[in-house]
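We just call them A, B, C and D in the order they show up, numbering each chain from 1.
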Amino acid sequence: MNLRLPSETVRLLIPALSLTALLAAVFWLQPRAMSYIGLNLLFNLAVPIALATIAQMLIMAVNNLDLSMGAFVSFVACVAATFLHDTPLLGWLILLAAIAAYAALGVIIHLRDLPSIVVTLGMSFVWTGLAVLLLPAPGGQAPEWARWLMTAKPPLVPMAIVASILIALVGHLIVMRSSFGVLVRGVGGNERSVERAGWSVLAARAGAYGLAGAFAVAAGIALVGLTTSADANIALRYTLLSIAGVILGGGEFVGGRVSPIGAVIGALTLTLAGSFLSFLRISPDWQIGAQGAILVIVLALRLLLNRLENRERRR
Amino acid sequence: MKAVHLLAAKPWIWSWLAAAVVWTATVAVTGGAGAFGLTQAALTFAAFSVIVGTGQMFVITLGPGNIDLSVPATMTLAGTVALKLMNVDNGMIAPGLVVALAIGIAVGVGNYGLIKLLRIPPIIATLAMSFIVQSAAIWTNRGLRIKPPSLLAEFTTSSTFAIPNMAIVALLVAVIAWVLLEKSLYGRWILAIGQSMAAARMAGIPVDGTRFATYVLCAVLAALCGYLLACFSGGAALNMGAEYLLMSIAVVVIGGTSVAGGDSNVPGIWGASLFLFLVVSMLNTYGLGAGFRLIMTGLIIIGVIVVASGRRARQP
Amino acid sequence: MTHKTAPAHPIIEVEDARISFGAVRALDGVSLAIMPGECVGLVGHNGAGKSTIVNVINGGLTPDTGRVASNGGALERYGINVARAHGVRCVFQELSLCPNLTVAENVRIMHRNLGGAGWRGRARRIIGESLDRIFPDHGIDGDETVGTLSIAERQMVEIAMAFSDAGTPPRLVILDEPTSSLDASLARQMLTHVRRFVEAGGAVIFISHILHEILATADRIIVMKDGRIVAERPAGGFDANSLFEAMGSVAKGAAARRQNRDLAAAPIVLRQTGSGLPFTAREGEIVGLAGLSGHGQTEMLLKLHALRSGNWRPRRDPAVAFVAGDRRLNGIFELWSILKNLSVASLGDLTRHGLVDEKAEEARAESWKARIEIRTQSMANPVLSLSGGNQQKVLFARALSTRAPVVLMDDPMRGVDVGTKQEVYRIIRSEAEAGRTFVWYSTEMEEVCLCDRVYVFREGAIVAELDGDEVSEKNILAASFQGAAA
Amino acid sequence: DTSDKTIALSNNYAGNSWRQAMLTSWNKVTGQAVADGVVAAADAFTTAENQVTEQAAQIQNMILQGYDAIVLNAASPEGLNGAVKEACDAGIVVVSFDGIVTEPCAWRIAVDFHEMGRSQIEYLAGRLPDGGNLLEIRGLAGVFVDDEISGGIHAGVEEHPQFEIVGSVHGDWAQDVAQKAVAGILPSLPKIDAVVTQGGDGYGAAQAFAATDREMPIIIMGNRHDELTWWKEQKDANGYETMSVSIAPGVSTLAFWVAQQILDGKEVPKDLTVPFLRIDQDNLEEGLANTEPGGVANIEYSQEDALEVIQAAM
C-alpha cells in the first residue's frame, strides 16, 4: 500500500517500457536484429542523437528551447570533418569558441530577457551559413580517432549500447546529482527564488547553455565518426528529434522537469521507431505518414501508463 | 523618454523599421530605379507569409509550447487536392476553395484531437500530424503539377490600382485578425488562455473550445495560403510549403508577438514578412553567397529581437 | 542557535528608506531597527509597504535613498548575499520553492555554502532536524518532490528552511504572512517556535493580517500605513481595537454570525456526491467548507466548478463563478490591466455580435473599483502594480460581477487586510440576502463561523455537517480531528 | 538466375515531382520484374526527411533485413560511406545512381551534372554569340548536385567570357521559392539575357519575369511538363526558343537492372554513366507528348538497355 515510488522513477518507467515494447516488436519482426551486430546497427546512429537530446534537455531545463540544435550539430560536424581532421589544434579552438558562443547566447538571452526560440531560430541560420562556408559541398573526412571510437567493438556489448549507457550516466550525474544540476533545474522551476537565494541566475543559464554546447559538440563529432564525412545539412533533423526525444523521455517544456536517462531512452526510442517502420514494409507513399503514426502511438502508450500510474497513486 | 515609451509599447514598430532600412539599402544599389518593382514584389510575397503567419500567431498566443508545425504539410495538401479537383476548369474555382478550406478544418481538428486526447505537447502532435498530412499529399496525386484555372491564375498574379491582389487578400486577413484579437470576445479568451490556462478556466472561459477553434483557424489559414500560393506559382508542388515552417514562426516573433503567450500583435506580422523578403533580396542584390546570406539573415533576426525587446522591469 | 550574550547593536537597521515604483510611493521614509531577541510584528493595510520593507532588509531591493546598517556599522553595497551572510532569512508572502526539485535539493538552493561531496545527505539532515523541531509529526520526507506536497506542507518546508542552520546561523528571520496557508494547529506550532527562537536570542519580523496572532506573539508592533510607520509600541500597548485604529481601519467589531435564516424551503442549487456525506447548497445560502487545510476542500471546489462550466462552448448563463486563493496560479492574468482582469469573467454580458463593448466594460470596472476600494489611480494600470491584497479584491469583484447564482471561494481572503475583509463580508451577506449562493472554503475559523452551514472535511471526504447553531469553533475542531481517531 | 534474390531501393527524398516520377518508374518496372519471376522482391523505401543520418539508418535496417542488393539514391556522396561499407561487408551489392556514393565497393551510375551545367552555357554561346548577362538559379545550398551543376555553369562562363553572371539566387529546386527569389532580385538587376537553372525552376523564373515589364530572356528549362507547356505556348505565339535538360527519373530502373545483372554474376564495371535527357526546339512537341501532364519527361529502361549501358562501359 505504501509503495509510493518517487516521481522521478515513475517518469523514467514509462519511456523505458515504451522502448522495451518497441524493441520486442522489432525483434519479433526481424529476429536477426537480436545479435551483437544487429543491436549495433539498430542503435549506433542513436548515439549522436542521444548526445544532442541531452544538450536540448539542458536548454529546456532552464525553460528555454533551442531551435538551432540541428544546425549547430551540422556545423560541428563540418568543423570536425575539416579543421579537426587537418589541423586538430585549430579545430579544437574553433569548437571551444563555439561552446563559448553557446554560453554567450545564454548570457544575452538572460540579460535582455529575449525569447530563446527567436534567438536560436536566428542562430540556426548563422550556424548553417557557417557550415555552408566551410563545406559548400559535402565532403571532408572524420578524424581517425572519432572514426575509431564510433566503430570500436567492445566485447559482449556493442559500442552503441555502451555509449548510450555512458551518456545517460554522465548526464544523470551532472544534471540530477551535482549541485550545478540542481541549480540549473532550480532556475527552470522557480527562477525568482533561486535569485533571491543569492545565486547568479545569469551564470547558471550561461553554464547550462555552455554545457549544452559541449554535448552538442560531442554529438557532431560522434556523427562524423559514423558517417565519415559531413555536409552543411547533415543534422538539421536533430532539432525536432532532440525535442521529441526529451518529451518522449518524460521531460517537460517548462518547469525544469527533465530526466537525462529518459532523454537517452527517448532518443533510442525514436531511432528504433524508424527501424520498426522499415521492417513493416509499408507502401512508400505512407512511409512518411507512418513516422507520424508511430510518434502518436508511442506517446499514447506514455499516456496510458501515466494514467495507470496516477490511478495507482490515488489509491 | 516619452518616445522610447511609445515605441516600447508598440513592439511591431521594430519590424517595420527594419523593413524600411533594408528596403532603402536594396533600392540604393540601383539608385532608386527598382523601387516600384521591389515594393510590388515585396508586397506580393509577404502576403503569403502574412496569411500563414497570422494563423501561427493565434496559436503562439495560446501560450508556451503552442505551435503548429503542420503548416507546410497543410499548405501542400490543400494546394494539391484543390488544384487536382479544379483541373484547370474555371467553373470549379469555388468548390476548389471549399475543399481546400475543408482540408484546413480537418487538419486543425486532427491537430487538436491529438493534443487533447493524447495530451501531448502541440509541437510533437502537430509534427506527427504533418507527417501524416504530407503522406496524404503524396498519395493523392504523386506530385503531379496541375495548372490552376486561368481566372484564378490571372487573379493571383495581377494587381488592382497597382497593389498586388495577393497583398489585398492578406491585408483583409490581417484586418479581420486584428478585429478578432483586439475587439472580440474570442480575442480576449485566447489572450487570457495564453497568460494562464488555469486562471482562464477558473474565470469561466471555455478553454478547450477556444484552443480548438484556434488550431482550426491556423490550419484553415495555412490551407488558404496553400490554395493561393499554388495558383500563384502555377501549380502545387509537394515541397511548396517547406520554407513556410520557419517563416511562419519567424514573422510572428520578429513581429513582436511574445512567445510566452498572451501578447500578440497583427501589424508586426506585416512588418516582419516584408522584412524577411527584403533581407533575402538585399543580400542577393549585394551578391553575397549562400553562406553569408544565411549568416546575415540570422544575425539580422537576432539584432531585431535584441533591439525590440528590453528586459522587463523585474519584480523584487 | 547558539545563545550569545545579547549585543547592544541591532541586527539590521534601516534608516529613512524611500522607494517608488513609478507613481506609487511604496516606502516613504521608513526607519526601523531590529534588536536580537525580539519579535517585531508588522501590520498594515494591503499595500502599506510591508513586503517592500522586507525586501529592503533581505537585500532584494535597493532603496532609492536611505541606508542599511548592521551591528552599528553601515553596509555599503548591501545585497542578497550580504544580508544572508548577516544571518537574514526570509519566508516570502508567495511560495518560493522550486516545485520540480526535492525538498533536499531546495535546501541546497537556499543554502549557497552547502556544496561539496555528500551535500545531499547533509541537506536532508538539516531540513529534517528543522522540521522536527518546528512541526513535530510533519511527515515530510527530504526526498519528496516539492510539487507533490500540499500548499501547507510547502509552507512548512519554507519556514523550516528559514530557521535551519547550514553554516551561517539564522539571526533574523522574516516571516511575511507565513500562516496564511497553515491551519490553526500548524500555525500554533510555528508561533511557538518563533517564541523559542526569540528567547534563544534570535530576531523575527512577523507580518500577518491575523491580528490576534500578532498580539500574542510579537514583543513590539510596528504599524505601517501608506509607506510610512504610523505607530510603534510594545505589544502590550495595543489591543485588537487600538491596532485597528492605528492601521486606519475603523474597528467594526468582530463579525458576528448572521441571524439564522430558515433556508429549508429554498431550492437546492448545487448537489454533489463524493466519498463522504453528500454536498448540497440552497439558494441564498452561505456554505462553509472547513477542516484541516489540504483535506480535499479545494478539490471539491474545483470539481464543483469543472462540472458546471463549459469547457468547449461558452455557457449563455454562467452557473458558477470562482474566486481563487492561489492568485498567481489560477487567479490573475499578469500581462493585463486591472480593468481586463476584472471584466474577464463577465464579458459575455458586455458583448454584442461577438465584439466587446469597451465603454460598458469601463463603466462596470469603475463601479466595482468604488464599491470595494481597489487602491489604484487608474483601472488601466497593470494588475501587477497592485499589492497582493488588492489583487485579491480584483478577483473578488470579478466573480461578484458575473450573473452566476453560485460563487465558489477558495480561501479568498488570503492576504486581505482586516478593513477590506469586513467590507467583503458585508457584500457577501447582502448578495446572499439577494439570493446568491456562496460556497466558501476558509482556513480562518472566524470566517467559517460566518457561514449558515458548514461541511467539515477529512482526508478528501465530508465527515460532518454542522447547521445553524452547531457551527462553532469547538464543533468544527472536534469534527476535523474525529476522523483521525476513527 | 536471380529469382530468389531481393533488391531494395533506398531513396532519400520524395518531396518533388522528379522523385515521384522516379518512384513510379521503379514500381512499374520492378513490379513487372517480380511478376515475371526475375527477382523475388524489389521494395522501395523513402526517408521522411532528406538527411544523411536517416538514410544511413535505413541502409543499416536493410542490412538487417537481409536484402541481396541495395539500389541507392544517396543524400550525400560521402556521408553514407560508413553505412555502405557495412552493407558491402555483409555481402550486399550496392548500386548508387543520381545521388552517387564514393565508397569504392559500390557501383555508380553517374550523371555528369558538371557537364549538364556547362552545356547550358555552350547552348547559350550558340544562341547569343555576343554574350550577355546571366541570372543563375541554384538549388539547395550545401547539396552536392547544386555544387556540381553550378560548378559546370561557372566553368562554362570561364570558357565563354562574353557572358557574365550578374545575379545568383537559391531556388531550392522548388518552383515557388525560385519565383520568389527571382522576383526579389530582379528590380536591382540590369537587363537579363538568359537564365541558367538546375531544373524545375524555369517556370517559376518565367512567372517572375512575366510579372515585370522586362523582356523575356532565354530560360533554360528542366523537362517539367509545365515548363515544356509554357515553352510550347511561347513558341507558338512568338517563336520563343530555348532548350531543356534534366536527368530522366527512370534512371532508377536502370540501376535496378544493373543490380540484377550483378546479382546474376555478370562482370560490371564500377562506374557507369547515363546521358541526361535533353529536349530542343525541334523535338519539343515530341518530348511534350511523352510527358505525363504535371510530370517530368522520362525514359524507363529495360534489361536490354542496361546490358547496352554495361557493354558501353566495358
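Just so it is clear, a contact is a pair of C-beta atoms (placed from the backbone, for glycine too) under 8 Å apart; a residue touches a chain by one contact, two chains touch by 3 or more.
Heads up on the chains, UniProt names are A, B = ABC transporter permease; C = Sugar ABC transporter ATP-binding protein.
All of these numbers come straight from a predicted model, not from anything done at the bench.
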Relative to subunit C, chain with the most remote C-alpha centre: D
Chain centre separation (subunit B, subunit D; CA means) in Å: 32
Inter-centroid spacing, subunit D versus subunit A (mean Cα positions, whole Å): 35
Distance from subunit B to subunit A - Cα centre to Cα centre, in angstrom: 29
Centre-of-Cα separation between subunit D and subunit C, whole angstrom: 71
Where subunit B touches two or more other chains, by residue: 131, 134, 138, 142, 290-291, 293-294, 315
Multi-chain contact sites of subunit D, meaning residues that touch two or more partners: 14, 23, 48, 141-142
Subunit A, residues touching no fewer than two other chains: 128, 131-132, 136, 192, 287-288, 291
Chain pairs in mutual contact under the definition given at the outset: A-B, A-C, A-D, B-C, B-D
Contact set on subunit A toward subunit C in their complex: 6-8, 177, 179, 182-183, 185-186, 188-190, 192-199, 255-257
List of subunit A residues in touch with subunit D within their complex: 30, 32-33, 38, 41-42, 44-45, 48-49, 128, 131-132, 135-140, 151, 223, 226-237, 271, 274-275, 278-279, 281, 284, 287-288, 291
Subunit B - residues contacting subunit C, complex: 179, 183-186, 188, 191-192, 195-196, 198-209, 212, 262-263, 315-316
Contact footprint of subunit B on subunit A as seen in their complex: 108, 111-115, 117-119, 121-133, 136, 192, 240, 243-244, 247, 253-254, 285-293, 295-296, 299-300, 303
Subunit C - residues contacting subunit A, complex: 58, 60, 80-81, 84, 90, 92, 96-101, 105-106, 108-112, 115, 119-120, 143-145, 147-148
